[in-house]
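The structures considered in this document are given below.
In what follows, chain A forms one complex with chain B and a second complex with chain C.
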Partner chain A sequence: MKFTRRSALITMALLASLAAPMVATAADKLMVIITPSHDNPFFKQEAVGAEARAKSLGYKTLVLVHNDDASKQNDLIDTAIARKAAAIILDNAGADATVAALKKAKDAGIPSFLIDREINATGVAVAQIVSNNYQGATLGAEEFVKRMGEKGDYAELVGKESDTNAGIRSKGYHDVIDQYPALKMVTRQSANWSQTEAFAKTESILQANPGIKGIISGNDTMAMGALAALEAAGRKDVIVVGFDGSNDVRDAVKAGKIAATVLQPAHRQAQYAVELADKYLKTKSTGKPEKIAMDCVLITKANAGQLESFAMKGK
Partner chain B sequence: MRSALLPALVMTLGAVLLPIAGCKIVHNDQRTSATASSPVPAGFDAAGYVDGVWDKELVPYFDAKAVDLGKVIDAIKRDPDEAGRQYGHRADAEGSPWSFPVRAKGKLVSVNTESRAGTLVVEIATAAGKQEVTLQIGPVVKGSAIRDSVPFFSFENVTNQIEFAQVGRAFNERALKQIESVLPKLAKPGASLEFFGAISITGVPETFVVTPVSIKATGGGAS
Partner chain C sequence: MTTSASAAPTSGPAPEAKSSGAVLLLLKMRTLIALIVVTAYFCIMAPNFISLGNLVIISKHVAINAFLAIGMTYVIVTGGIDLSVGSIVGLVGMISGLLITHGIPLPFMDATAYPNVFEIIGFALLTGILVGFINGTLITRFSVAPFIATLGTMYIARGAALLISNGETFPNLVGRAEFGNDGFPILGSGTVLGIPLAVILMIVVALVAAYVAGRTPLGRQIYAIGGNERAAMLSGVYVNRVKVIVYIVSGACAAIAGLIISSQLVASHPASGTSFEMNAIAAAVLGGTSLAGGRGTIGGTIIGAFVIGVLSDGLVMMGVSEFWQMVIKGLVIIAAVILDQMQRKMNRR
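Right, the complex of A and B next:
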């Protein structure tokens, strides 16, 4: 009898010591924010936006980068599971490769909220706030076509092939441009979203195809690389269009050096994902459909002045 | 004795168990490699979907819901969001454009086919006065106003944004087929016409661009 009571006490104490760290972790309410490399200011702004909103809502945050490497992303999701995160905010590293990793998180009871890029599955993440890259790409391409006068030779710089959005943007560009038979693509090369690679690729493109009138680029960092190569070659006549809406390209658009870019509302999108996560954690529902497409905005000289850190001022 | 033993036991066990609870061993056997994903999913038939809903859902929807374009334009100029709530439709997302099913009678001002994104400029009447609007007649049609103006289709109905876009294009292409035969009758300024179509706006646009779903030539200016 005495022994039983004593062992029951020990058991209770043991349980309390085991339960304590779990309760503490839940009370800490950690949001794990995972994006591609912050070398690209677009992804940095996502992380900044999500982290600021999460902190203002009382969450602890852990900000991680997967560098567009699906196996690294898988490790980071495992970290989030091990840390018993309350929610994962993710700009993912591959529409197919991400599905299994997020299923693991879901099985561990951790809801995921995707931003920017979508995955090819539903019911795995709680929300997918998708930047409508295709719609944005058609806006950029329409402006490119207009500035090219619907004719002439051009080159395309494509992003990292493993990134779904590289393909989506390229398809959006071509679905518009290919409807104009007098516009001829002389070369299409990947510069892996990188400014330095885009500089080198553009240098060789200009040597091989001095007649090009335009360069359409899958993102702004590559557009900046292309612009630097064009300036180094003394070519001020080439129409350049980018994608993302970075402050660097905004300044080049204002100066008339780059024709246009397309803003993805990165900052707001990341904040919105955190708000939906918060609502979901409190009420078990976001009250919204899983997949939400957010439209992009064309940035030209006319509205470049309103653009600041991936958001339009006054909006 | 008992009071001294218990905390000691708890602390010892706690010290052993805590790091285990806080630091899970992570296995990498579920590693996945980065693969290039094809942006074009196989097996999705956007044109087939659009052909299936055009007569059954889209035409009845425009017949029932299309609002006089002059009225819509006046309302948009007053307050785009209010106009949207009253006459329009938009996706369940922040910053989405408002789209409106519209109808109007007008007079042809000009035909512009120099650009492959060809247009008709048409003058219509609004309560506030005369208003020129632009009708897209292709072969290049911009935007996805038709897709975005109907409530029976949304991003939720497809797997990804490529399929979403394919449906938008399929609606545009079907619309071009619908108006193809009437365009030769609309060659000369002054011709009268009636049309149904869709417009999409964010804020007050400089030009009101209509993607027509049907056009009828009603006299004058026939070539």
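Right, the complex of A and C next:
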């Protein structure tokens, strides 16, 4: 522990000494963008969107990833403080575990703008822009119910159960689906957002419940895993619904293999956060309430063609 | 049991000798017994558990872990450990994905070479062998402890996997017939007489590995190194060479697992294989491999892998929560090691 602290300090000191002359000469302001790992295209698009917008507004950027590790996130926020960032754009690593770290940034005079996930505190971040996961889930569930013909057995693949959004989406699904008594959930398994895990678990679920007609999944990577398992089993009749709006699933929706997904406007959300940060830095106010919900969009075969990298074309 | 045995007189046939012999036999067979008990339990409790189709699916899931665990057994028997196998799974998947999607650019000819599926498998195996060779070299030539050396390559290989695509997934790895690189999904989803290729491959690799371990000089040398490295060296075993071979085998086994996973998903994801090394170690330990080295069999490891696989698939079929699945898996591993220690105590007597 002591050793990590020290090495973190040394790293910070090095970064600070590197950054100091640049800040002094260029007078450019730095926006630090922190997201979960880019191996999920959703988070990658957040970072890409925020970075592009920040650069176009004349900011320097530093893009960092915390891999959903609250302690690493804490270190990264320390780095942002040490580099005297103008603002932090953050998709956080935990609703409770993030509060203290952001307070530290606030005390250092650095405003934070949250995207994608909320924290369990107000007044710590300047803005919390989240997709309306609940609204999105009800959209996905309504389409699922329609495609299932309002009846039949189905399975649910849940995300990582320690993650708030996994619970909110599942609740949104059930608040709609449970109104139809002929739709019966035969099993509910967590595949931890993972394609590999969803593949193996769907294969087992199909063995235990060969009669299922649908699989509703908490995100797109798990939906892709389920689809691979269904294809391996030669089952083309099973209705799959995902969540996120990734390009992989878009292609599967176009090909009729996945019934629908729900787009979270990741790209736009991140850009909006940067715009609010810019406004806040210039006028000391965003002019908006702290919590801002952005609605999700249902993606089916009809509109899949417009979807590209978590944004609808022409919008 | 131990107390009654220790009370027995050291000379002459003890009245407990017969019963302790039976207990010893039971302890020796513990993994197999565990497998039978677990399977029987799910046959009663889980719907449709006992069907040919499901046994095939379970074997397919076990195969992934079994490849890693076979290599891991060799490594652990020499007294080492290989933490890099999970990352090799990810790296190999990404390299295959890259080769299928983008081919190899030939800048001077302004063309792109698309390797066919067999060449891709070759590249993948080479990747695993290379990482294994690096592991072995670090451990033998530079005297880095196996735990540290493979921890380092674990991070490097995972980082490399992420760097290949900048973190993105290579989707839809079906290849194109006009480039002659189609057919990659067959490896993961192809079957011969209804048996998945992955399972057949697992059986072949396990048989070869068991033969090498039990019937060849190399196998004897692996056990000799684990039993007493200095004694092995003094009796003419090229310790370093054997160790490098062992890590190469482990890397190559991980490469096979990586190929099969990305072929099954028809996509390669840089985070795939994360923490697989732990499952492989668990399978080896469950199968009676001692982390101190010198002891362990491929057969035991395969049974260990099946215990883990049957447990996780059965619990999913019963609809048990993920959280309980983790607790149960942990308990089974600890119970296995406690039984292992009991057996060793009884053996020593």
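In this section, the second predicted complex is superposed on the first by the 289 of 315 C-alpha atoms of A that agree within 3 Å, B and C clash if a C-alpha of one lies under 4 Å from a C-alpha of the other, contacts with A are read in each partner's own complex, and residues count from 1 in each chain.
Simple rule for what comes next: contacts are C-beta pairs under 8 Å (C-beta built on N, C-alpha and C of every residue); 3 or more make two chains touch, one makes a residue touch a chain.
This structure is a prediction, so every number in the text was calculated from the model and none was measured.
Of the two partner chains, chain C is the only one touched by A:E203; chain B is not. Contacts of A:V130 after superposition on the shared chain: chain B is touched, whereas chain C is not. After superposition on the shared chain, chain A has more residues touched by B, the comparison being chain B against chain C.
In the superposed model, A:L281 lies in contact with neither chain B nor chain C.
Look at A:G225: by the touch rule set out above, it reaches chain C but stays clear of chain B. By the touch criterion defined above, A:E161 lies against chain B and chain C together after alignment on the C-alpha atoms of chain A. When the shared chain is aligned, chain B comes close enough to touch A:K104, but chain C does not. Of the two partner chains placed around the shared chain by superposition, neither chain B nor chain C is touched by A:L57.
Touch criterion met: A:D39 reaches chain C, while chain B stays clear of it. Chain A residues in contact with chain B (one complex) as well as with chain C (other complex) are 161. For chain C in complex with chain A, the touching residues are 46-49, 51, 53-54, 57, 60-61, 162, 166-169, 171-172, 188-189, 261, 264-267, 269-273, 313, 316-319, 321-323. Residues 6, 9-10, 13-14, 16-18, 20-22, 25, 68-71, 74-75, 78-79, 81-82, 93-97, 100-101, 104, 118, 120, 122, 129-130, 132-135, 138, 142, 150, 161-162, 164, 167-168, 170-172, 175-176, 179-180, 265, 268, 272, 288-295, 315 of chain A are the ones that touch chain B when the two sit in their complex. Interface of chain B with chain A (complex): residues 2, 6, 9-10, 13-14, 17-18, 21-24, 26-28, 30-41, 91-97, 115-117, 139-140, 142-144, 154-156, 159-162, 164-165, 169, 202. Taken in their complex, chain A has these residues touching chain C: 37-39, 41, 44, 161, 187-190, 192, 194-196, 199-201, 203-205, 207-210, 221, 224-225, 228, 231-232, 247-248, 251.
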